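Alright, structures below, take your time with them.
Look for chain A in each of the two complexes below; its partner is chain B in the first and chain C in the second.
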Partner chain A sequence: MEYLNVLKKNPDMVSPGVSACQGCGGELILRRVMQVAGQNSILCVPPGCMAGSGVVGWNYDTGMKVPIHIPLLDNSASFLTGVTHLYRRLGREDVNLIAFAGDGASADCGFQSLSGAAERGERILYICYDNEGYMNTGYQRSSTTTLGSRTSTTPIGSALSGKQQAQKYVPLIMAMHGVSYCATASPWNMKDLMEKVQKGLEASKEGFAYLHMFSPCPTGWSFGQDQTIQVAKRAVRSNMFPIWEKSCDGYKLNYVNQTPISIREFVAGIGKFKNLSEEQLDRIQRSADERYAAIKALCGI
Partner chain B sequence: MGTLKVITGNYAAAEAAAKCRLDLIAAYPITPQSSVVEHLAELVYNGEIDTDMVQVESEHTAMSVVQGGAVAGGRVFTATSAQGLALMYEPYFRMSTLRLPMVMAIATREMTSPETIWSGQQDAVSVREAGWIQMFCDDNQEIADMIVQGYMISEDPEICIPVNVCYDGFYSSHLTSGVIIPDQEEVDKVLPPHRLHHPPILDPDSPLALDPMTPGELLMHYRKSHLEAMQRAQDVIDDVDRRFAQVFGRSYGGMIEEYRCEDADLVLITMGGSTGAGKDAVDAAREKGIAAGLIKIRFYRPFPAKRIAAALKGKKAFCVVDRSVSFGWNCGSMYVETLAALAAGQERYASFSAIGGLGGADISYRDMVAMIERLCQIQDQPGEYDTCWLMKD
Partner chain C sequence: MYEKVFVTPVGNKGMYVLDTSTWRTHRPVMEKALCINCCICLSYCPVNAIRFSEEEGCFITYDYCKGCGICAAECPKKAISMIKEVK
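This part shows the complex of A and B:
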């Protein structure tokens, strides 16, 4: 179905009244993902912002209109592995099995479980909504936090300032597992995002599908609640977050960035980057350039 | 009437599990458990059982995979030891507190440090407060039978608690003996189809939130109900032993086994593989006219407090032989729990804790004879005596 029709016709599967912050990228993505996936789905949301905001439910209520479970922070992919094996034994391969996990649950303590399930080709769709830190517990740094970011475990101090290490680029690591489908997506381009959810769900019936979604966080990153989409756009335009996919047809660059903006323009107005040094800016710029060049090379451009 | 095979304890566990119509097995190697999942892999790869096997990348994932499988309505199985059990502690605790039935074999092993891979019960004993039913076997036939009984107990709709079938690493896991492996039809008689009582919990046809954020008042309700089910399990365990005996002709006594206890004054209390040496020592003592007996603790969780108190009633002295330590009590944990089981009664005993068999060390017949000799000396002076370490030097 064309994505505008999905938006128009498919019901929102997330309960109203979820307590995510205004301007939350994660909630926006979750609602669209589940609008595509629909009723015939089982969802796993590990501890993190989406679970914390009530999506799994609390006080005797559930936050979703589909069956949902909060697995451990580090076992969403392995928990769903068991579910997918049973559902195939029950002859119910049609059920969508989806993990919706933050970067901590995916790239840090959950990475072993994620990598294992990807390597085994378990038939699930794993979505990482990457807001670059442990936002639900007050923004501690994760391995996907951008260099120089001010977080509560990498504060602005007189001796050290912001995260000292570069961001781990997870989507390419996942693509290298040889999964059925791997893609990045941004809420800036909702058409591309929703089409990739559709492709990911289809691929998850044959093997492991992974989507890495850029999820701006106004509260943690300190920017205006109405700037989420703009921040997401600038991340793509600056090559911090290239949009690409890897399917059985190979790598494909979905957004060819003819006139990239600078990292200086990307970080402007985002509080967590306020104290970046010139050296840190240079290092982020270099890694964005390298990242885009590597993706282009993989895509044969 | 089953097939007699000469096999190791690990193979006995695997062969019995293979008769339980499993949906899903998670396989990860660790000494001394590995040959359990290796043998099951052979059976799966040769098409002898219709079971999914997931070769996982860690024990944490092993327990997580079977948890997902159980939530989706599957009969699941895995096996582990020591460090593997420690690594899976997070989903292990959750398996029981989600009240999901399953059986996991533990070929018990000492915990590192010092670095060791050998036998001991410290691994399983250390997680006795994680909400699982834990039983300990002392021969290979018992291992095979308890895998089947494990599912009977665990899946009872009044229980719904996962079961550990524990047996001593190497001593049981790697030594062979004759084992009657039950026929499929016999197992089918005692073990109803899993989904009869355990349909998928997560199902798009009946959406619900599994384990949403739970306020303390409700959480306490769950804990209370879990503890009550643990107590109910004591009757179910004894009942399962009787029902199993009707089909297979083998009975183990349920929660505990009593050996020559009826007229005994002195009692050894053991758990697992050291029981055989203890029984031999009891027999030798009897020949000398010493009224010795033995209690084998078969289930450590729930703890058979009433059965032990009843079995010790009228005795003079006892020694509890632990293959693990309680770091807080300067003795073995089973000794502490035995004393707790007797606290409500008026009886006074002479008693002591013996610790041995750690890190693969032997608990010999001679050790057991020496324990009975010590019981002889103290039997007329009730009180708690110093812990005895079964060490050569």
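This part shows the complex of A and C:
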């Protein structure tokens, strides 16, 4: 698969006008995923930004050119388990079954169904677009929100200064389930992202495939709507979001960061980090360094 | 009672399409003389408003462009500029 040919030739499977915000990382990822997956797919989008923007339909209209379902917030993986068993019984193993869920529907509410489906090895491609919070309802904190972030449930004030807890690193938890394919991807590196979707679709014919994608949110994080890709780039360059994959060949680091930038450079210009204290910056820096060192050790570098 | 048998009635009427071009405050304009057809704008456009044809190379369509400005910010040749929409 040559990714430029996919970009140029493959038709857009999503409705051309959906009400995602200007500069939305989730909408960008959804369109690229569906360009790779093509027509022979069934999509399941739990409540969240992408469902709220009209991709699942509105008033008897559909927002997709392929079959799409909206389950509850917490059961997208178990819902697709049923669908995949039906399609295997019908002898239609060629159909791509894709879940496209936010981090709330994957890491918080939907984690038990996701963990269960991963452990059973259901033949699903589960994609989590991680915008670090419940953006659809006005940015409440989630377990993947970075420490010190200003959210509507962890405001900045005299009693509280942003989120007090560290971020939960979900992709490594999912890789430890022994899934057939697990990877992280950033929209900054579109070639890598689209190749991983292709690999994930192939792996989902044999077992569970999980993709964790970084999705900057201009509205919730308070940065300029044209800075989405730059924020995604800085997250990778500062080791906040290392890009790696785990397949049957073991762990592989896809972007070896020779000259990492500091967390201070990553948070510059992002409104939700405006009131970070020195101590919080140190804690984020330490957890990013620890995470990158752990990934490097797993990859044998 | 019903002619059609369906699980859910979603999609029975047609496709949900929002006119997102009305959101735009600035429109991206591509200067084709500077463009090298690297397709970076094509890969980063969240709305797929930028298309590619063999004759023209990359070009911008304005039917659904929300005017986010990612293409102008990411273009390595600075061939795209954001120009204010005026009536």
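The rule is short, and it goes like this: the second predicted complex is superposed on the first by the 301 of 301 C-alpha atoms of A that agree within 3 Å, B and C clash if a C-alpha of one lies under 4 Å from a C-alpha of the other, contacts with A are read in each partner's own complex, and residues count from 1 in each chain.
Here is the rule we go by: contacts are C-beta pairs under 8 Å (C-beta built on N, C-alpha and C of every residue); 3 or more make two chains touch, one makes a residue touch a chain.
Just so we're clear, the structure is a prediction, and the values are computed from it rather than from any experiment.
In the superposed pair of complexes, A:80 makes contact with chain B only, with no contact to chain C.
In the superposed model, A:253 lies in contact with neither chain B nor chain C. In the superposed pair of complexes, A:113 makes contact with chain B only, with no contact to chain C.
Contacts of A:31 after superposition: chain C is touched, whereas chain B is not reached. By the touch criterion defined above, A:58 lies against chain B and chain C together after alignment on the C-alpha atoms of chain A.
Of the two partner chains placed around the shared chain by superposition, chain C is the only one that A:230 touches, whereas chain B remains out of contact.
By the touch criterion stated above, A:166 is placed in contact with neither chain B nor chain C. When the shared chain is aligned, no partner comes close enough to touch A:261: not chain B, not chain C. In the superposition on chain A, A:299 makes contact with neither chain B nor chain C.
Within chain A, the residues touching chain B in one complex and chain C in the other are 54, 56-63, 65, 68-69. The residues of chain C lying in touch with chain A in their complex are 8-20, 23, 39, 42-48, 52, 63-64, 66-70, 72-74. Put simply, chain A touches chain B in their complex at residues 39-42, 54, 56-72, 74-75, 78-90, 95, 112-113, 115-116, 119-120.
Those residues of chain B lying in contact with chain A across their complex are 23-24, 26, 52, 54-58, 60-61, 64-74, 76, 90-91, 94, 200, 202-204, 206-215, 218. Against chain C, the residues of chain A that register as touching in their complex are 3-4, 7-8, 12, 14-20, 22-25, 27-28, 31-32, 54, 56-63, 65, 68-69, 187, 190, 218, 224-230.
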